[in-house]
Amino acid sequence: MEHPPDAPVVLVVEDEPLIQILVEEALSDGGFKSETVGSGEEAIALLEGDSARYRALLTDINVQGELTGWDVARRARELQSEIPVVYMTGAAAEQWNSQGVPNSLLLNKPFAPAQIVTAVSQLLNRTPLE
Amino acid sequence: MEHPPDAPVVLVVEDEPLIQILVEEALSDGGFKSETVGSGEEAIALLEGDSARYRALLTDINVQGELTGWDVARRARELQSEIPVVYMTGAAAEQWNSQGVPNSLLLNKPFAPAQIVTAVSQLLNRTPLE
Amino acid sequence: MEHPPDAPVVLVVEDEPLIQILVEEALSDGGFKSETVGSGEEAIALLEGDSARYRALLTDINVQGELTGWDVARRARELQSEIPVVYMTGAAAEQWNSQGVPNSLLLNKPFAPAQIVTAVSQLLNRTPLE
Amino acid sequence: MEHPPDAPVVLVVEDEPLIQILVEEALSDGGFKSETVGSGEEAIALLEGDSARYRALLTDINVQGELTGWDVARRARELQSEIPVVYMTGAAAEQWNSQGVPNSLLLNKPFAPAQIVTAVSQLLNRTPLE
Amino acid sequence: MEHPPDAPVVLVVEDEPLIQILVEEALSDGGFKSETVGSGEEAIALLEGDSARYRALLTDINVQGELTGWDVARRARELQSEIPVVYMTGAAAEQWNSQGVPNSLLLNKPFAPAQIVTAVSQLLNRTPLE
Amino acid sequence: MEHPPDAPVVLVVEDEPLIQILVEEALSDGGFKSETVGSGEEAIALLEGDSARYRALLTDINVQGELTGWDVARRARELQSEIPVVYMTGAAAEQWNSQGVPNSLLLNKPFAPAQIVTAVSQLLNRTPLE
């Protein structure tokens, strides 16, 4: 699928190389660009530098560094109040009810690549009430 | 409306007496019981003592003590993962996207009493996928 | 609240007298008319006689006779394909996922009267895509 | 139910006196204030004068004057892009799919008073993604 | 992906050649057929000629001719009351609240091809309450 | 698209070879594994043998043997109460309201392959309230 020069950019926070590749390929096949970092600290630095650059956040929960995916998503929403958030997790699903942000989605590992693209698209396509 | 002896109990966290009364009357008119506290610390003590006692949480954001309504809701969900959460706020609505829990509702002040009862009922009636 | 002569009629299937009264009062307070029967067989006879008479079905699961609330709801939907369905149950909630009809709601006992009125209203107000 | 001095105001567009009374009583019972006009022209004049005054619009379709409820709702949304809209109609339901605005609700006459209050509350309580 | 001979046909209204190609390729990759026209007048002529031929409408807002995408969607819904509608727009997003039809989706440009396919599929898969 | 060794497995119940191929290819393109059987009896045997093996059920309504897709879905939900269910049908759509399970989706034939992948992904991604 061709990428128009201005394809939407998804910020990916993931430190496992095999899942990084799977996620990046799935997003690319769907026509998205992606930028991947391995820690919450790096993700927040990018968001604070230019939060308008990113149209969605896709984040693992347990990543390198001190911060979790829960922390990254809260900071992303402080900077861009409606940014779509998709969490990926193998173990922490039951924490989503207390730690997730509203109107986010949770992908339980293992997931199929199509679930990533559908999740990001669903949230971007959500009818804008505003 | 008569209260069956086992009416659902809603935990209310609110420190303004006029709003306490409005909320308690609205819940009572809808057939709910309520227990009201004025600080997050008291709310969490009750939830930790017997979280199964409460079928829903209705919380102001800025209340007495150190904790906010955002804190109380996260702790409530840790203890009872599906408890319905309704926030009431005059000023902090824009924080909901980053600080609220998933599947919660936000009532912007001023609200009508019927909105309280509808919000709690909607969340309790949400079809149980589990 | 006054009842216009043509208030919507809800068919109630419930064999416990105390809950019958609670449900009928709640519906009446909300401006609905109700007709109550104690068995699935009676409910189906009424629906087969004049299904267009009823705008919603509110049914307990375990009632008198051979049939359950699950059976009544399926038959009601065969006769009136979009009729709103609300189940009330104390024990059978986990069966809803396999025995309920689509776009129905389940009220877990004990429930507040307002939950009944909100559930029926929510389903009646569901935006008609057709 | 007591009305706090700052109860939310609903603009009602309805030219049948009996339905005006039913709607106003239902809203008052739910704790809302209402202002009723009988034509679309009057409604639009009020909205253009002070659209921020109204927290929701409840409109019949066929009212006095040249304009329909469909016209009033479009103008209301131009002035206040997220205002909750509830249509009431006996005959024009099938037009909603082509003439209604997004995220609106349609009440088919005859309806129970509780449906009005639930519809307005549902839309006001809709979680603010923004 | 192979196309069964009876793949669903999507009517596309778009006058920018680069976006035409992107949309047609995305739909084809998802297994849909598409027919593209550059003006609202042509779209309405096709819909009036055989509205049952089309399973969904995907329309830009500002296209050639006198009519906008808002006009095309209203006419499509008059002819086929449940047809899924997806709007594509770079500039007119804020008009959707007043000019869109109910149960439609809005894609903000720039969008990824996967968003188109997900939007059309979501609306086609919407559970039929009727 | 590469399949991670632990891709989610979808159980497919379909007895028409051409549709079997279309469905299997669509799921494979989306990164899912699939296992296909041609009768409800075989599907139920697999589910009873190891229901946890399957992350979703995709079933035609009229298949070989005595049982229908409606029967298979009810049994699947008894064994795994939250399993996503997608029905495919050319003729029986109007039965879904009385025979379908809650929170299921119905694909009307003919459908595009992307609709299958989106339907399964939507249900798997549904935010876990529990």
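For clarity, chains are labelled A, B, C, D, E and F in written order, and residue numbers in each chain start from 1.
Everything that follows uses one rule, which is that a residue touches a chain if its C-beta (ideal position, glycine included) is under 8 Å from a C-beta of that chain, and two chains touch if they have at least 3 such contacts.
These numbers were taken from a predicted model, which means no experiment stands behind them.
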(request) Go ahead and align chain A to its copy chain E using Cα positions, then give the rotation in degrees, nearest 5. (result) 120
(request) Could you label the chain B-chain D interface same or different, taking same to mean over half of its residue numbers are used by both chains? (result) different
(request) Please identify which chain has its centre, taken as the mean of its CA atoms, farthest from the centre of chain E. (result) B
(request) Could you quickly compare D-E and B-C and let me know which has more C-beta contacts? (result) B-C
(message) Test of understanding: which option in A-E, C-F or D-E shares over half of the contact pairs of A-F, residue numbers taken as the match?
(response) A-E
(request) For chain A and chain C, let me know how many angstrom lie between their CA-based centres, rounded off. (result) 42
(request) Can you check how far apart chain A and chain D are, centre to centre, with Cα atoms defining each centre and the answer in Å? (result) 39
(message) Quick check: how many Å separate the C-alpha centres of chain A and chain B?
(response) 30
(message) From the mean C-alpha coordinate of chain E to that of chain F, what's the distance rounded to whole Å?
(response) 28
(request) Among the residues of chain D, pick out those that touch two or more other chains and give their numbers. (result) 29, 81-82, 96-97, 102-104, 117-118, 122, 127-130
(request) Would you pull the chain F residues touching chain E in the complex into a rising list? (result) 18, 22, 25-26, 29, 93, 96-97, 104-108, 110-115, 117-119, 122
(request) Name, in rising order, each residue of chain E that touches chain F in their complex. (result) 1-2, 4, 6-8, 29-32, 117-118, 120-122, 124-125, 127-130
(message) Taking the touch rule as given, give the residues of chain E at its contact with chain D in the complex, in rising order.
(response) 74-75, 77-78, 81-82, 94, 96-104
